Amino acid sequence: MVNPILLIVVPLGLAFALPIVNLISKKIIKYIPVLAFLFNLILSLLLIPKVLEQTIIVKIGGFHPPFGINLFVGPVGILFSTLIALAGFLVSIYALSYIKEGPKEKYHILYLLLLTGATGVVLTGDMFNLFVFFEILCISSYALVAYLGNKAGIESSIKYLIQGSVGSSLLLLGIGLLYGQLGTLNMADIANQINSISSPSIFVPMIFIITGLGIEAAIFPLNAWLPDAHSSAPSSISAILSGIAIEVGLYAVIRVIFTIFNASSFLMFFVFLGVLTLLIGEMSAFSQKNIKRMLAYSSIGQIGLIMFAISLNTQLGISAGFFQMISHTLGKGLLFLSVGFLIYKTGSMKISSFEGIGKKMPITSLLFTIGAFSIVGLPPFAGFASKFMIIKAALTTGQLLFTVLIGVILLGTVIEGAYFFKVIQSIYFKGTTDIIKRDEAPLIALISMSIFVLLIIFIGVYPDFIARILNSAASEFINRIDYIRSVLG
Amino acid sequence: MKEKAHVKNSDLKNFIYLFFILFVIWLVLTTSFHWQEIIVGIFISFILALYLHKNYLELGLPKITVKKIIYFIMYIIVLFIEVVKANFDVAYRVLHPKLPIKPGIVIIKTKLKQDIAKTILANSITLTPGTFTLDIEEDELLIHWIYVRSEEEIEATKIIGEKFEKYLRVVFA
Amino acid sequence: MIIIISLLVIIMLTAAVSAIFFKDLLNAVIAACMVSLIASVLFYLLQAPDVAMAEASIGAALVAAIFIIAISKTKRHEE
Amino acid sequence: MEFLSNYIYYIGAFGLIFIGLFIILVKHNLIKVIIGIGILDTGVNLFLIAVGYISKGTAPIFSKAGLDANNMVDPVPQALVLTSIVIGVAILALALSLAIRLYKHYGTLDLRKIKEQRW
Amino acid sequence: MKKIISLILLFIICLGIVFCLQDIPFGAAKTKVGHYYIDNGREETGATNIVTSVVLNYRGFDTLGEVTILFLAAIGLGAVLATLKKKGKRQIEPASLILKTGCRFLFPLILLFGAYIFIHGHLTPGGGFQGGAIIASAFLLVYLGCRERKINEVANKITESIAGLVFIVMGLIGLTVGGHYFLSNFMPKGEINTLFSSGIIPIIYIAIGFKVGSELTGIIDNLMEKS
């Protein structure tokens, strides 16, 4: 009885049950997200071999698509749901010791629902269902950004909410325009019929949908909310928002472009947009004095890099993009988690206040350093393997333009290296040289971060381990005919 | 001991009264006498009445007799006629080029005792255009009038309140 | 019929525009609720009674209540 | 007249969308911006319902015998709008609670004056 | 300046939409999915209100998400307002007699009306969301009229949770015993156009009614009490 629907339903049911559990005992609620995502992780891992053989179509309510909603559990879906469950599991372990203030049961409910929404977005095969899960993702992030209740949190949450709700209205409008022309909401059915309409009237809903989704994906120029929101959320949430939420948004954008609209001509535009997003993200990150804002801007840069890789529209390029997503989730997750305790102990988000903390918190600092190395792309970490793959993919296209753009991207990476090394320098080589009393992060948080490190090193050393699933994921995007056929039968 | 029994008795009365009202409204809403509808209606009315019956009769709801129902229906007819009449009156005043209005606040007295009766009276006065109940204090109603014909309390009571009150007095006797 | 509908749409749009200009937020909220109410009438005319009911009870009534509570806790006038 | 009967609902819907977006873009008062979000939502909903309408159609409810199934309006947009209305009220409630908190922190609702972080 | 730029931007959007609308003529029959629902909805789900059958059966998963969103809003609002102090005793002047009596008299009747709306969701217009909203407005009336009364928060939370769980459990029963599909309509459909018909639809709609009612009440309660 391994049904992918359980990936969504079980966390949802646990979230509904949490208020009752909270009335019975206030101590066990924080273990429920751990349990839920452990379950999801095991289920996803069990599903991977099956999915690689054949994609699973889950018909909800037993109605054949396009008349009912269906889940499309292909390689991409299962790759993302595994990633979400993994990150969710590790971050919820971290949160056991990190979340001490505020309405805790509400935090856990919102956290569960945030990741449930993300799982729903990556698995669903229905346009309106995508919108609904997207809203779950967005609304829970609005609430979580404001969780700490301080000035910065509330303000960034409002900014995020205003931009996000305009985005979701545009998305709904686009879906409405598509429905008016095609009379169906199923993604495969839309993709099947998309060529029957004239291009101008397809272009308008496409722009609306991409804009709406692009706000969550933080594509330049729609990313004004991101640095504030990611920097003022609790660190565990920042890790999820940076590692999962924006990548899920990006997934939705590329799913729309590749599978539904088949707009490969649009991808050239996306290449430039990606490089622009990368440069702007990295350059803004360089000038930051606040560590979390720096990391948030760095996420924008990484999103640009992923966009660039996927927009190459080759098998290798798309798998490199997915690889970069994985390494970004792991690396940025690790960075935010370790920074969470650095900030907690120093009481400030200023980079300058971290001087000498390498002696006070050696393990946490080491973890931070490893995360930074991975994001920058030093061997033997995952970031190196993924960036290397992107460069290889760009060079194998053989086009001069991509070769030039790779130069620009390398420049971006250099900037990235510069600001990360600035932080590392102030952690280890500045401040007093006296021996200070050790004040390390709690053990349970260290364990969860160490698992991140192990995964980063493992994937960095054996990138072939995930090569197969990356390849099938890439072919799922390239062969849209297969997608349509497997859903509509 | 005796007092407790009294309380219980009135509780039961409250309960039956509320249950009856709710069930009748359910039947009006469904307009169907299918056995399923009736069972569900009884069930819901029972549950709601069970939870909400406390002190319901304290509102001053009347006992239901045939005479009172007839008077209540007559009251509704009178209310309807008055609303139509007052509508024309106000429309005339508004559309008239000279705008013959003389707004002011008057106080009228009522002999009704029960809260619910006073509320119905106040709402009827509000419902007829031109008059508007601002507040109720004990047995006095504070009314805003678009064309004050008389500032005398008794006179005003006769003009505004009497036509409704004579029916309500029977209903809530 | 079409004239009535056009009139309704015009009133609705006027209410929406007036929501921009009211300095008193309470008035703006009432204008927004009027938009919702007329929209619910239009839903009914478009043969969507379910939606009309939802819009009238949720969109107009409860949203208005929430807005008014929020305004009473903050500031009534736009500066 | 024909133009009106063909486009009046679309005009209404897109008028609301236009006004809603305008309020969000131009106004600085947070409550006004939230009102704008509400109007935008209503406009999108009206558009969706108008898409599903069939001329001289009936509501998709077989409440009495003799209703022609071919003459019923499309039920799907209605289901979507039902969802969308509830989502709208959820967003509005959350936004207003944030507005209350913001007012407690800053004593103002003017977004120009709130500059803890760069806009 | 900002206004002009916004207007230009909006104008471009409108131009695009006008282009697009030429392919969506108003009032023309065009949708194949909707037509399928109207033709087969009664046999497949047993509901006479096709909108309900779409909302709860064909697209029931959306509705689960929708219920989740409302739940999310209630929880998120609670989280945002959580650190604000609760008012001690509310020093509000009592409501006028008209409001107070009206509220006490009407409260049970409004609840009954809400229940009627969500129980008959599969037969007449209306359903869980509308009925739940009506019930919440009854509680709003209590807040306005009988200000000394408070809503039992614990009971509210329990109702909310149980109603949500009922929805999920109904879906899971469909997955395990009846038909191997999540949310499949495994119960007997019954005779069309009677109250006890269309399988799981009325049960889920009742659960939604309770859930929406308690959530909206919770939202209003949170907003009124905290500041």
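Letters A, B, C, D and E mark the chains in the order given here, with residues in each chain numbered from 1 onward.
What we mean here is this: contacts are C-beta pairs under 8 Å (C-beta built on N, C-alpha and C of every residue); 3 or more make two chains touch, one makes a residue touch a chain.
None of these values were measured; they are calculated from a predicted model.
With steps allowed only between chains in touch, the distance from chain C over to chain D comes to 1. Shared contacts of chain A and chain D, meaning chains that touch the two of them, come down to E.
In this assembly, the chain whose C-alpha centre lies farthest from chain C is A. When you average the Cα atoms of each chain and compare centres, the chain farthest from chain D turns out to be B.
Centroids of chain B and chain D (each the mean of its C-alpha atoms) stand 38 Å apart. Centroids built from CA atoms put chain E at 32 Å from chain B.
For this pair, chain D with chain E, the centres built from the Cα atoms lie 16 Å apart.
Chain centres here are Cα averages; for chain C and chain E they lie 19 Å apart.
Annotation for chain C: residues touching 2 or more other chains are 48-50, 54, 58, 62, 66, 69-70, 73.
Among the residues of chain D, those in touch with two or more other chains are 9, 20-22, 26, 50-53, 59-61, 72, 76-78, 80, 82-83, 85-87, 89-91, 93-94, 96-101. Residue positions 128, 132, 135, 139, 142-143, 146, 149, 154, 157, 179-180, 185 of chain A are each in touch with at least two other chains. If you check each pair of chains against the touch rule, the ones that pass are A-D, A-E, B-E, C-D, C-E, D-E.
Across the complex, chain E is touched by residues 48-50, 52-54, 57-58, 61-62, 65-66, 69-70, 73 of chain C.
On the chain B side of its complex with chain E, the touching residues are 18, 21-22, 25-26, 29-30, 34, 36-37, 40, 44-45, 48-49, 52, 56, 59, 61, 115-116, 118-119, 122-123, 133, 135-136. The part of chain C that touches chain D in the complex is made up of residues 2, 5-6, 9, 12-13, 16-17, 19-20, 25, 28-29, 32, 35-36, 39, 42-43, 46-51, 54-55, 58-59, 62-63, 66-67, 69-71, 73-75, 78-79. Chain contact summary for the complex, chain A toward chain D: residues 128, 132, 135, 139, 142-143, 146, 149, 151-152, 154-159, 161-162, 165-166, 168-169, 172-173, 175-176, 179-180, 185, 224, 228, 232.
Only residues 2-3, 6-7, 9-10, 13-14, 17, 21, 24-29, 31, 33-35, 37-39, 41-42, 48-51, 53-55, 59, 62-63, 65-66, 69-70, 72-74, 76-77, 80-81, 84, 123-125, 127, 129, 192-193, 212, 216, 219, 222-223, 227 of chain E touch chain D when the two sit together in their complex.
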